[in-house]
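Each of the two complexes below includes chain A, the first together with chain B, the second together with chain C.
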Partner chain A sequence: MLAVRPVPLAQGVPMTQALVDGCVLSANYALIALGITLIFSIMNLLNFAHGQMLMIGGFMVYYVYGVFHLPFALGLLAAALVLGLIGAGFERFLFRRVLRVATREENSMLLAVGTALLLENVALFLFGEKQRGVPETVSGVVQFAGAFLPYQRLEVFLVALVLILGLLYFVQYTRPGRAMRALAQDRDAARLMGVNVDRTAMMGFAIGAGLAGLAGGLLVTVQGVNAGIGTDISIKAFIMIMIGGAGVVGGAILGAVVLGFAESIGYAYLPGSLTYLLIFLALILFLVIRPRGIMGHPWG
Partner chain B sequence: MTIETKLTRRTLLAGAGGLAAGGLAVGGLARPAIAATKTFTIGVCGVMSGAAASWGLTNKYCSLATAAMWNAKGGFEIGGQKYHIEVAAVDDQNDPKLSVAGIQRLTQQDGLHYIIGPNVDTTAVADVPDLNKAGAMNIPYAFSKWLYTKPRENSILGMIASYQAGPIIYSYLMKAKGVKSVAFLAANASDPLAQMKEGVAAARKLGLKITSSSETYEPSTTDFFPVMAKIVHGKPDLIVLSGVAPAAAPQLLRAARQLGFKGLLSTETAQDIKILVQGAGKDAEGFISVGGASTPAIRSAYMDDFVKEYAKVAGAWNDEAGTKVYALEMVLRTLAVAGPKAITDVKPFQTAMAGFSIPNPFLKARSPLKYVGTAYFGQKRQIGVPLVVNEVKGGKFETLFVGSVS
Partner chain C sequence: MNKPYFAAESISVRYDKVQALREVSLVCEEGTCIALIGANGAGKTTTLRAITGLKRPFAGEIWFEGSRIDRLSPPEIVARGISMVPEGRRVFPLMSVRDNLMMGAHLRRDGAGIRSDLDRLCDRFPRLRERLGQNAGTLSGGEQEMVVVARALMARPRLLLLDEPSLGLAPMVVRDIARLIVAVNREEQVSVILVEQNSRLALSISRHGYVLETGRVALAGESAELLVNDHVRRLYLGAGAEAEAS
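Then we have the complex of A and B:
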């Protein structure tokens, strides 16, 4: 029998590769987590359909850019608009009433799960079961300090960064953004101060859903899309906001950075199956010590 | 004129009456045709939603396409009687509890005795007690040898298992491409892990140097760069993507090539060329996978018709279906040999399996299609699907070779 030499840990993966991968993953994850945390902060609602919304955004770009060969930017815009409208519709016709009349939190949670199943099945019906992908918007790979970085991933990283900074500016410095923060801090006080609570909540839901659409549209260039990816993405988004602190924009970004680097460094230097085992173990221990996450307090 | 003035009570009543009369007339006309043809219903139980939906949906669409083809000819003849073929499908979501509930529904409520699926070991193993209790047979797409070895007799492996395809592919690549070292990568889930373990054992037996034998990624992984970086840095001649789902294969291929990997990539699972080319572009070139009767070079006119029917049912052809086209066809043709009693009693079906052999209707070569598996399971509990090994060339699948597990 052939003696097989055990594979040494690290296997020569340069640290620069792990760091570059960590940066790209963190930006991708932050874009995913921001939408879900925005909705949670404004409506105190965990949007279980976030992954499914991201999936539909991916399909929008697939059709606009991949099938009809229109500009990629137009696909992103379509994804953001369609998902924004779906989000606004969900808030106006489903969640607003349930949140108003329900006496238990489970009702809105069950409704959120229902919307996730609805979107997934509609997508399966409309788009089929197949994995879809689009051509790269930019091809080639740059190599530096032993690390490989495809231009496509660099583009996704940069666009995600711009979108994250844009959202932070919006919630921090614009009037609607301030209204959303006020709503997150105290709904009644915000109403007394003249904030149109219904309109602001609808806008928040629409922006959160639109962000999911943008994230899905952006990531379809590197990950592809299929009707079944939603639940796994929602679970990752929940992990990130649990780490960072639910309902805190900065917390979502921090959670994304922690998960992104844990994943990239773990996969580079640990046996593959240990990476997520350790991530979940660390998450459980962390939540026992600090159940509200790293930045677990509302905005402001 | 408004709609309200058009829709008077009289017109509504007249319309309803007309519809009822029309319905009765159509029913009356249709009845003699239905009475002349009995119905045979095949069950399909598998994963039809979530990330692995394509596995179960391909089973369902294959069954629907086969049924439509036979129904268009007036039904399938068993013992001198034409049977209209119907399909009852259940989505088990790859969850053993739902799979058991699905099997119970199909066998106890619908009274079915032949079921295609499920798709993975965990669900297939969970279904065994209920299948035995109901005296039903199934055709799982799960590789666990336990399912097909005595005292179990009611499950038939529907395709080529990874432990059958792996050694043949590695051996071919060693001779034809000079492969000396191999790395394995699998999703951290029961079936891919089992396939990786079996692949590693086969590679060791063949004397290949193994640079990675235990690297895994989570099934929810969307970015494969980090895990692939580690594999590529081991500098293997061949990377085997054990049990890779069609949804993950394009990204893994792209990640490997973008990381500068120049060697070969292969898998023992069936893939779809459109998915590979759409997701990985030119990075899919050279990828070796197991196919069915799907490449135009080897398929028969009957298979061409099936491809068209499948596209009608599912919206588009999927190369994965090339390995799954056999299930319902084999059930029907074995029933034709076993006789009508076998529709509700699987014993005559099992007896007929032993000597069953027909020219493969899906391949030009018309090689014998029979039940095999004695060497692996001690009994004939596998459909003798030919081992078709494909390579992506010029954005299309090209058949490298056709082998047999028997």
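Then we have the complex of A and C:
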């Protein structure tokens, strides 16, 4: 796994450093997992392009903040809006028709893979292959309990936390959020309540994509971005929802926490490539025992 | 030409090659409760699905409050004042009882009205008030039936469709539900179309009845008369054994 590797900053005590890094990573991963879970729960569709969407979000911040020197917040806004539009567009013009007429689930899956390739190649064409980074938005390091935490990472952690809480509030307490939950749990019953399935699905896809974009915009401040990171990120997203349970919000967060800490602890104590080898092996074993994930529901 | 309050005129519905309904006509006058009875597979649920827009009939018309509704989508039909309580107690299992009820009011925009309706329904169903915060999937069958009826009522419908509300419920619970339907019909002036396999129940609380057999209306009339009709008694009221014994 080449991209998105948390580099321990200084020689802090490995375990405390790993725990601190794990928190930051988990928060960012939770943003990713929640986005893909939202799309999956409403449309029963695995967004293969999720990693590419994150990558594009990173590039939005790179250009708005890094190149044009506009405020970082504006860059994040751009990331959210651009990806929201892409997500809405995908649902409206690509997936809506295919999901309605497709006789096999594989058709929508192939389309999803196609969208990933589309976004990745458009990005390569527009942005090129080079790795990009952005200057710090806030400098300095805070040290506590034997660990070093750069303010940049703390900012990423806090912003991610706010976004996660905002999403949870939206899903739990607002009318459109409730409609999305209802649609995910019983499509026909939701229609009988008057829920506009098309519009709700489009909103869900837009929000899910927007979350990926925001995650990418945050991540670029910590480890840059290049046009090729999409696939690795998507794989991590799949791992998280497989661990936590697909289509369940609690499962997404749980999966993110598990992966975030597994990764940071692994990188602190093990040689680089061994970490993900062990993660994959553990995942395979885990899925044999519990295919639905920790909080997932049995299929059917 | 004056149309009845609610009328299905000669509707026919097809699922692929199978014709589920053949020229079914029924009428519901304002404020009345009518029953639709018949065996499994006779077409009762299909009729309700046609009315709510889940399955469009290929022939015939459906009229409600003076306008034609058979070409509308489910959200449009709900907006017109028709709510359905689906078969099988389709609560949203992972949502609280309160959220389930709020979903019933999804198309409404009057916050104060929604809250007061929620209150009123909790008065009518005290058991729901106790369980407002609980996930609907964890409730008993009878409680879930209350949730879905209350949920449908949250839309302030003028016509309520019920698909086999007594299915799988204990007799005492069925009695409660029946009393509920009658109360809703009389006190809230909600017209009711009740689909039931429990024919005795349906005919005893409705004014008119329709008997569906293999997609056709085989018999129609006042429920009181259908209750003593020979054919109905033999096939749907379990009077066959007595008839043979006598």
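Quick notes
One rule holds in what follows: the second predicted complex is superposed on the first by the 279 of 300 C-alpha atoms of A that agree within 3 Å, B and C clash if a C-alpha of one lies under 4 Å from a C-alpha of the other, contacts with A are read in each partner's own complex, and residues count from 1 in each chain.
Definition applied: a contact is a pair of C-beta atoms (placed from the backbone, for glycine too) under 8 Å apart; a residue touches a chain by one contact, two chains touch by 3 or more.
Quantities reported herein were computed from a predicted structural model and do not represent experimental measurements.
By the touch criterion defined above, A:Val162 reaches neither chain B nor chain C.
Taking chain A as the reference chain, the count of touched residues is higher for B when chain B and chain C are set side by side. Look at A:Gly133: by the touch rule set out above, it reaches chain B but stays clear of chain C.
Contacts of A:Ala190 after superposition: chain C is touched, whereas chain B is not reached. Contacts of A:Asp232 after superposition on the shared chain: chain B is touched, whereas chain C is not.
Of the two partner chains, neither chain B nor chain C is touched by A:Leu278.
When both complexes are overlaid on chain A, the residue A:Arg178 reaches chain C alone and has no touch with chain B. By the document's definition of touching, neither partner reaches A:Val67: not chain B, not chain C.
On chain A, the patch touched by chain B and the patch touched by chain C do not overlap at any residue. Interface of chain C with chain A (complex): residues 52, 54, 74-75, 78-79, 83-84, 86, 90-95, 99, 102-104, 106-107, 151, 155.
Contacts from chain A toward chain C in the complex involve residues 175, 178-179, 181-182, 185-186, 188-196.
Contact residues of chain B toward chain A in the complex are 48-54, 57-58, 185, 188, 204, 207-220, 222-223, 225-227, 229-230, 233-234, 246-247, 250-251, 258-260, 272, 274-275, 278-281, 314-316, 318.
Touching chain B in their complex are the following residues of chain A: 1-2, 4, 7, 11-13, 17-18, 21, 24-25, 28, 66, 120-121, 124, 128-136, 141, 143, 148, 150, 153, 219, 222-224, 226-229, 231-233, 235-236, 263-264, 266-268, 271-273, 275-276.
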